[in-house]
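Next come two complexes built around chain A: one with chain B, the other with chain C.
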Partner chain A sequence: MSRVTDAPGLWPLASRVLGRELTLAGRHWDQVAQPLLFFVIVVTLFPLATSPDLAQLRQIAPGVVWVAAMLSSLLALESLFRPDVEDGTMEQWVLSEQPLAWMLLMKTAAHWLVSGLPLVILSPLLGTGLGVPVSAWPVLMASLALGTAALSVLGAIGAALTVGVRRGNVLLALLVLPLEVPVLIFGARAVSLGMTGEAVAGPLNLLAAILILAVSLGPMAMAAAIRIGVES
Partner chain B sequence: MPASAAPAGEALLEARAIELWRGEHHLLRRVSFRLNAGELLQVTGENGAGKTSLLRVVCGLLPAETGDILWRGVSILEGRDAYHRDVVYLAHLNALKLDLTADENLKAGAGLRRDTTRSEREAVLTALGVARCVDLPARVLSAGQRRRVAFARVLLSKAPLWILDEPTTNLDVHGVELIERLIRDHLEEGGSVLTAAHHGLLAGHPRARQLVLAG
Partner chain C sequence: MNWTWFHKFASPPHAYRLLGTLRPWLFWPAVVLMLWAVYNGLFVAPTDYQQGDSFRIMYVHVPSASLSLMVYSMMAIAAGIGIIWRMKLAHAVAAGCAVIGAWFTVLALVTGAIWGKPMWGAWWAWDPRLTSELILLFLYLGYMALRASYDDVQRADRASGILAVVGIVNVPIVKYSVQWWNSLHQGSSLSLTGSSAIDPSMLPPLLAMMVGFLLFFGAILCDRVRAEILTRERNAGWLSEAA
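Showing the complex of A and B:
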């Protein structure tokens, strides 16, 4: 006995959630730009603190870019689900007949578009400052694109789990960092292999595998965590 | 039993012996009720008696320790999606994004259920007396105006069961009358309303009943 419903299908729903999130991001872009600024500042601090010698900077460039990307992604996570839980929007999502996991994945995708993608686009510029050759730009951007997307999804699981905890930032970092370490390792490894002109398919494939695993299973974990988070 | 009472098992919404503990506190003790089409059930009780908790349990947001909630005879745990299609919940929180306009908020909020047109949203906001707020960000609206915009989402949902937690919070006298009229219209169309409110809504209405929580 299926009743007729005019509820939007999966793709209209996705575009609606994405549209709303991007509109919201556009209305308070000063907050949205913070993780990107943080990334830029951290990366530019290294030459000042270590040495302006490009040969030396080149040694640490992959690690610096990747650690900065990871910390900036962590910085943005706190505001991923919490505002929606606090203003009651998430309750309405849980109570809609729509698949919560799908909506949360779309919300995470919007989050990546405003916090991860700009970082990917800006990375060649910052990489050049650290001595990354032009030949390694594609690897740098590809590894960051795959990696920051995986970090967003992994981080979103942590954000969903800690959504009911007051001032849960430190707990969030403790939860999420161990999960994210493989992304850091493979990402930095891909960039350093790319800079010396070696084959990069291995670490990039592993990054893609982590991303696919996170996207396929992560939303279910997020939805379960959010359902618990809105109980109280 | 009055003659209009539905036969056993035919209630639209039925709660059976709900028990809920919050920490060490036994909040809901064997709460049962039945709600039929066209009826209003008003949950009353002191602050902290568990009105909001009961509403959240009935919505399916908060799992009860024991007891069943049945919608059209099916447990809401089994038929969750079908139930959520038929119910709209107005919480304490308005679920409005302060950076979005009233219209954008409604488009996103009601859009989870069905597509709404701009003119439809304008008509509902006009009916609620906040036509001027259509294109204003929710941030600049007063608390009462925000509540009215939140109520517009309830109207747009076209859901048969309304669960309203203190729907008249922050509303002036005219606002309360307006909400009462909208609730009466909904009941006349065969809808049902479960509400928690301090002061009696629709006092004396033949199909309005009260459920008093002892606390």
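Showing the complex of A and C:
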């Protein structure tokens, strides 16, 4: 077998993977919109189920937004690797001489751009509905931006582990949610501190630390898991 | 250094025999230690000046809680060894650890709740220590669920092994939650290096109980690993020769 001599560097490779993923997402924009719609609906359920009183909603607002964000990220994970494993693309990725961990990280980044970023942009709107003051918008968006990115990477490990299992979605929740709990705790904490005007640097720094840890070590776990998933 | 003993240990027939010989040496000392500790903990140790007699549940709670963490670490290390050196026996050890560790976690949570009711006035509190211990239980359950969902043993080993290694981040969180956050749960009373914050008369039964639990875990692990080996090697020749 001849070696590929014109192998692209890391950054050209990254832009190719990102370009491919974003193009695919653009062609299936309805699937991309579903987790976002789910996020909106879950948040809408809380005023209906508890009380429409803004003072009461304001107290639970950080938790509600964060739980909804976590569930919506979980929902989006199902389609992260599965279609590519089923149509054989992932097999080609594994066989290619390119660094699999890097490609999977870029794939996850593209996934965050279409599933996490819209959620961050939408959050002030929903937050306002739950009584989050305008002064807390930056904290809400910053915590969600750091947090959903970390959720995407942690979730991608779970998605890679369950890709070889037939009905993997309930299992995925069982695997991923315990790992994601610290993100939920610090994210909701940052928002509730921000709403009362206190210093938010602590929890935001911790979220950033979790994100850096996940991004630096997560892709290796993903790559190992995908290798198990495609061999059968 | 000569690594023959290590490779020899990794061979299923040898490990099967070795674990069988080891088991009684772990099991009977464990029974003796636990009986001694139960008698001394329940009848000899003095009543606590603050908590009355209800502190005595500590003799079950503390060993099971500390083992729940230790077993998880051991499971993750065994899984890591299994992934790196492709050692089947290490995966068998990890699989054996999971069920025992999950039960220690349940035991720690249940005895904690029974202890919490008279002390805090509530069975459960959403406290960092308690919550992170509960998450530890979910990690064990996720590990077992992932194992069970693969038909092929080798793939199950490696996939669940990755999960175990990733999940080890929770261990320091449980261990230090009492120091990092304001917790309802009391801090650690035992210390290996400094002096323990526990009365000397209450200490020996606790230490005996911890060693007893550890040996008991070892004995049960021997059984479970042997059972794992039997399942995995059910078609191997050495088994029919041994039978």
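Definition applied: the second predicted complex is superposed on the first by the 228 of 232 C-alpha atoms of A that agree within 3 Å, B and C clash if a C-alpha of one lies under 4 Å from a C-alpha of the other, contacts with A are read in each partner's own complex, and residues count from 1 in each chain.
The rule is short, and it goes like this: a residue touches a chain if its C-beta (ideal position, glycine included) is under 8 Å from a C-beta of that chain, and two chains touch if they have at least 3 such contacts.
All figures in this text were calculated on a predicted structure; none of them were measured in a lab.
Enquirer: More residues of chain A are touched by which partner: chain B or chain C?
Expert: Of chain B and chain C, the partner in contact with more residues of chain A is B.
Enquirer: Kindly classify A:231 by the partners it touches after superposition: chain B alone (first), chain C alone (second), both, or neither?
Expert: Touch partners of A:231: chain B and chain C.
Enquirer: Output check: A:87 vs chain B and chain C. Expected answer is one of first, second, both, neither. What do you get?
Expert: A:87 sits against chain B, while chain C stays out of touch.
Enquirer: Just checking: does A:98 make contact with chain B only, chain C only, both, or neither of them? Give me first, second, both or neither.
Expert: Touch partner of A:98: chain B, not chain C.
Enquirer: Classify the contacts of A:182 with the two partner chains as first (chain B alone), second (chain C alone), both, or neither.
Expert: The second partner, chain C, only.
Enquirer: Give one of first, second, both or neither to describe whether A:157 is in contact with chain B, with chain C, with both, or with none.
Expert: second
Enquirer: Would you sort A:168 into first (chain B), second (chain C), both or neither based on which partner it touches?
Expert: The answer is second: A:168 touches chain C but not chain B.
Enquirer: Determine, under the contact definition given at the top, whether A:221 touches first (chain B), second (chain C), both, or neither.
Expert: Second partner only.
Enquirer: Output the chain A positions appearing in both contact lists, the one against chain B and the one against chain C.
Expert: Common to the two interfaces on chain A: residues 231-232.
Enquirer: Could you pull out which chain A residues touch chain C in their complex?
Expert: Within the complex, chain A contacts chain C at residues 157, 161-162, 164-166, 168, 171, 174-175, 177-179, 181-182, 221, 224-225, 228-229, 231-232.
Enquirer: Would you pull the chain C residues touching chain A in the complex into a rising list?
Expert: Residues 83, 131, 135, 138-139, 141-142, 145-146, 149-150, 152, 155, 158-159, 162-163, 165-167, 169-170, 173.
Enquirer: Provide the residue numbers of chain B that touch chain A in the complex, in ascending order.
Expert: Those residues of chain B that touch chain A are 56, 59-63, 81-82, 84-85, 87, 89, 91-100, 104, 108-109, 111-115, 137.
Enquirer: Under the stated contact criterion, what part of chain A meets chain B in this complex?
Expert: Listed in rising order, the residues are 3, 5-8, 12-13, 16, 20, 23-24, 27-28, 86-89, 91-98, 230-232.
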